[in-house]
Amino acid sequence: MQPKVSSMSSPSFPTKMHIEPHSSGAANTPTSKEAKMRAANLNFFYGSFQALYDIDLEIQANRITALIGPSGCGKSTFLRTLNRINETIRGTRYTGEVLLDGVDVKSQDVTALRRRVGMVFQKSNPFPKTIFDNIAYGPKVNGMTSKQDLEVTVEKSLRRAALWEEVKDKLQKPASALSGGQQQRLCIARAMAVDPEVLLLDEPCSALDPIATLKIEELLFSIKDQTTIVIVTHNMQQAARVADNTGFFMLGKLVEFDRTEMIFRNPSKKETEDYVTGRFG
Amino acid sequence: MTLRTRWRYLVNNVMLALTGFCTLLTISILFFILGYLVWNGFTSLDLAFFTELPKSPGEAGGGMANAILGSFMMVGLATVIGVPIGFLGGVYLAEYDGGWLPPVVRYTADLLNGIPSIVLGIVAWNLLVVPMKTFSAWAGSVALSLILIPIVVRSTEQFLRAVPNSLREGALALGANKATATLTVVVPAARRGILTGIILGVARIAGETAPLLFTSLNNQFWATSPNQPTASLPVMIFTHAISPYDDWHRQAWAAGLVLLAFVLIANMTARFVVSRNAS
Amino acid sequence: MASSAKSTSFTAVRKSVQMGDEAARLVTLVFAGGILLITLLVVAVLWDHSSLALYKFGFHFFTSQNWDPNSDEFGALPFVYGTLMTSFLALLIAVPLGVGAAIFLAELAPPKISSILTFLVELLAAVPSVIYGLLAIFTLVPFMRDTVEPALQSTLGFLPFFQGQIFGVGYLTAGVILAIMTFPFIISISREALLAVPREQREAALALGATQWESTFDIVLPNARLGIIGSIFLGLARALGETMAVTMVIGNDPSIKASLFAPGYTIAAVIANEFAEASGNLHLSALVALSFVLFLLTMVINGAARLMIMATSRKGA
């Protein structure tokens, strides 16, 4: 065990970066047996346009995996295949496999899959309902009916999203009354309310100020013991701060995937180095 | 799959089927109208319909040549009156936005669009039939143009607004003044859309009946000038359909087919123009 | 000298260009203002011509059931009742079907099928009123007389709405034809309101494990609520003012009956039938007063509808 150094306190990169090492040696490499999700030979198409080429990637359980790369590189597309939300866009299809706990997601019931694999979007998208009803929506469609259970779940989820203290007195107010950062944490709480095994975040902080961003990053740390997290970000410092493993996408290909410290300190590919040192994009 | 999940999918599929049925029912009405009208219309249509005057009530034969001409004349006059007003009004709303007037005009145009056409007929009657002391094609045309104006205003504005601002700025940057830029760059860029709006508006007034009932009235003979009561296809369909004579019913079917064919062809042409514009 | 002359002429050109610009603005302004004037003119004409009847009968005009041009007695109630009743029946039929179809077209149908069907709905909206009337006389009226109304009478005949003699023409038939004519409006505007709901709203619901229907019903519909209500109001305004098709199937009887099978009359229909041959100034004035009522009704409903539709489309943008 090396001494723990908080990566939050020293976000500068790449040379001075301190990454919290993983406790077990086996988990240090991204290709361990603890893979919660796995993509194999994944090719993705929007109509005739191919957005992803032969992606092979393993997402480790209870780790934060960051996906970085220039815009249009396919990182969001990849994220959105993990819970099959891309299916709602017309003309999309993919070849290859996406596995959740070793089972092909295509073979699973899509609503059950999405309950297990939650998602938070780039723009906070609270429903035009009260704060309470926003959080309670997921549990409700998934069969929770008792008012008491719902109240417990809502409080638990809001506490996990570190939002409880701020909103406990206005649960019946419309969610639109919250600030941008609060709305995004509400969306995380909403996603957490159905106890997802995996949480996908698509550039969740891109519209937020640094303080709100920090709060969300702290939140991710606090939930990662219960949830596997995949975060797409255009912000390399953020990837360096929060992620255990990082994948670098470019032009629809996964250029490199490794432990975050390796990606930022000692990348094996020239493109990765150019990107993380700011010589590209 | 749990029982609950099965139930949720069942609800999902039942609602899909139900809403699909709603859609199918609505669409089937269109096909019923088309089918029934084409069937009855074609068997009733003959050369005389296009070349002869109507016969006296109850007498077989004859046609609606005067009504076809009357419709063309009144729709044409209404277009000549209504399109310039609507077009220029639309240009103002789109290009000189700002201040209190444009939003008020916009809202008023929408309201005008919602006034029942028969009420506009009364206005045209007051403006022309009362002072002229006779029903006339002029009065009918004015009534129709009152319907056409708000349609053209709003569609012109909408399509001018769709023209990217960079085009306007490009023209202004070359030293063109606003009027020149609008006339030579913005309007040409939106011309297909504007034309589409006009065609749809014209198709709409071609089928209007209510405002003609007491403005142009009807006429069994040729109207020799726009100052006389004038026959039109929609009014002819109305009077023939409610008459007790079988041969008049036959004529009504023929007139209905001709009118619907005109309206639908105009609509399809307009939408074809727009979809080409969009792609 | 030469250069100064040149610059003067340049200024002159600039000045005339500026004047041209101002003239263009003024010309378009006049025409835009003309639209306001036309609307004011409508109000003025209606007010002017209806005053005679309104002055003579006062509020009694709206409460009297007696419409008798021969004895110069004019009461508006049967027409107001007929107008409201037929429009109410129309909405009763058209709202569930229209909103259902809009949901199908905007949310549930495969995109290709949806675009073809939407095009057909737009064509349906273009069919002239008089053609609906023509078809209704020869198809809907006999169908209602021989099939629908006897069936209703034998099943629901204990209710006062479904009793009495069956004619084929009447409130119910007019309601059905109005429903058919209001569908396309409700469908196309509701559909636009649904499509204006941001994509992220749907995805958020789906990502929580909602089915397509749950996402539509729980999340998209509440988002589009105002626009859908607006479309219903717009449909209502259209039904209230619809003239020809109703005139051809309502039966033209100025009396109020409980039975929906009974012939009735609407404001628009009585104007269409009597205006050209009105027997005197009072008769004309009474008809214009009716049209004033119709105008105010449709204005209020349209105004509300437009505000609601504007509110949703702005939110979606």
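Order of writing sets the labels: A, B and C. Residues in every chain begin at 1.
The working rule: contacts are C-beta pairs under 8 Å (C-beta built on N, C-alpha and C of every residue); 3 or more make two chains touch, one makes a residue touch a chain.
Bear in mind the structure is a predicted one, so any value in this text is a computation, not a measurement.
Steps from subunit B to subunit C, taking the shortest chain of touch contacts, total 1. When each chain is reduced to the mean of its CA atoms, the one lying nearest the mean of all protein CA atoms is C.
Among the inter-chain contacts, the highest number of C-beta pairs connects B-C. Subunit B and subunit C have centres, each the mean of its CA atoms, that are 15 Å apart. In whole angstrom, the spacing between the mean C-alpha positions of subunit A and subunit C is 49.
With centres taken as mean Cα positions, subunit B sits 54 Å from subunit A. Among the residues of subunit B, those touching two or more other chains are numbered 8. For subunit A, the set of residues touching two or more other chains reads 111-112, 141.
Residue positions 211, 214 of subunit C each touch two or more of the other chains. Taken together, the subunit C residues at the contact with subunit B in this complex read 17-18, 20-21, 23-25, 27-36, 38-39, 41-42, 45-46, 48-49, 96-98, 100-101, 103-105, 108-109, 117, 119-124, 126-135, 137-139, 180, 183-184, 187, 211-214, 217, 234, 237-238, 240-244, 247-248, 268, 271-272, 275-276, 288, 291, 294-295, 298-299, 302-303, 306.
Listed in rising order, the residues of subunit A touching subunit C in the complex are 83, 85, 88, 90, 111-115, 118-119, 121, 123, 125, 127-129, 137-138, 141-142, 187, 190-191, 194.
The part of subunit C that touches subunit A in the complex is made up of residues 111, 198, 200-211, 214, 218-219, 222-223. By the touch rule above, subunit B contacts subunit C in their complex via residues 8-9, 11-12, 15-16, 18-23, 25-27, 29-30, 33, 36-37, 40, 84-85, 88-89, 91-93, 95-96, 101-102, 104-105, 107-112, 114-123, 125-127, 135, 146, 149-150, 153, 177-180, 182-183, 200, 203-204, 206-210, 213-214, 217, 234, 237-238, 241-242, 249, 252-253, 256, 259-260, 263-264, 267-268, 271. Of all residues in subunit A, only 109, 111-112, 141, 143 touch subunit B in the complex they form.
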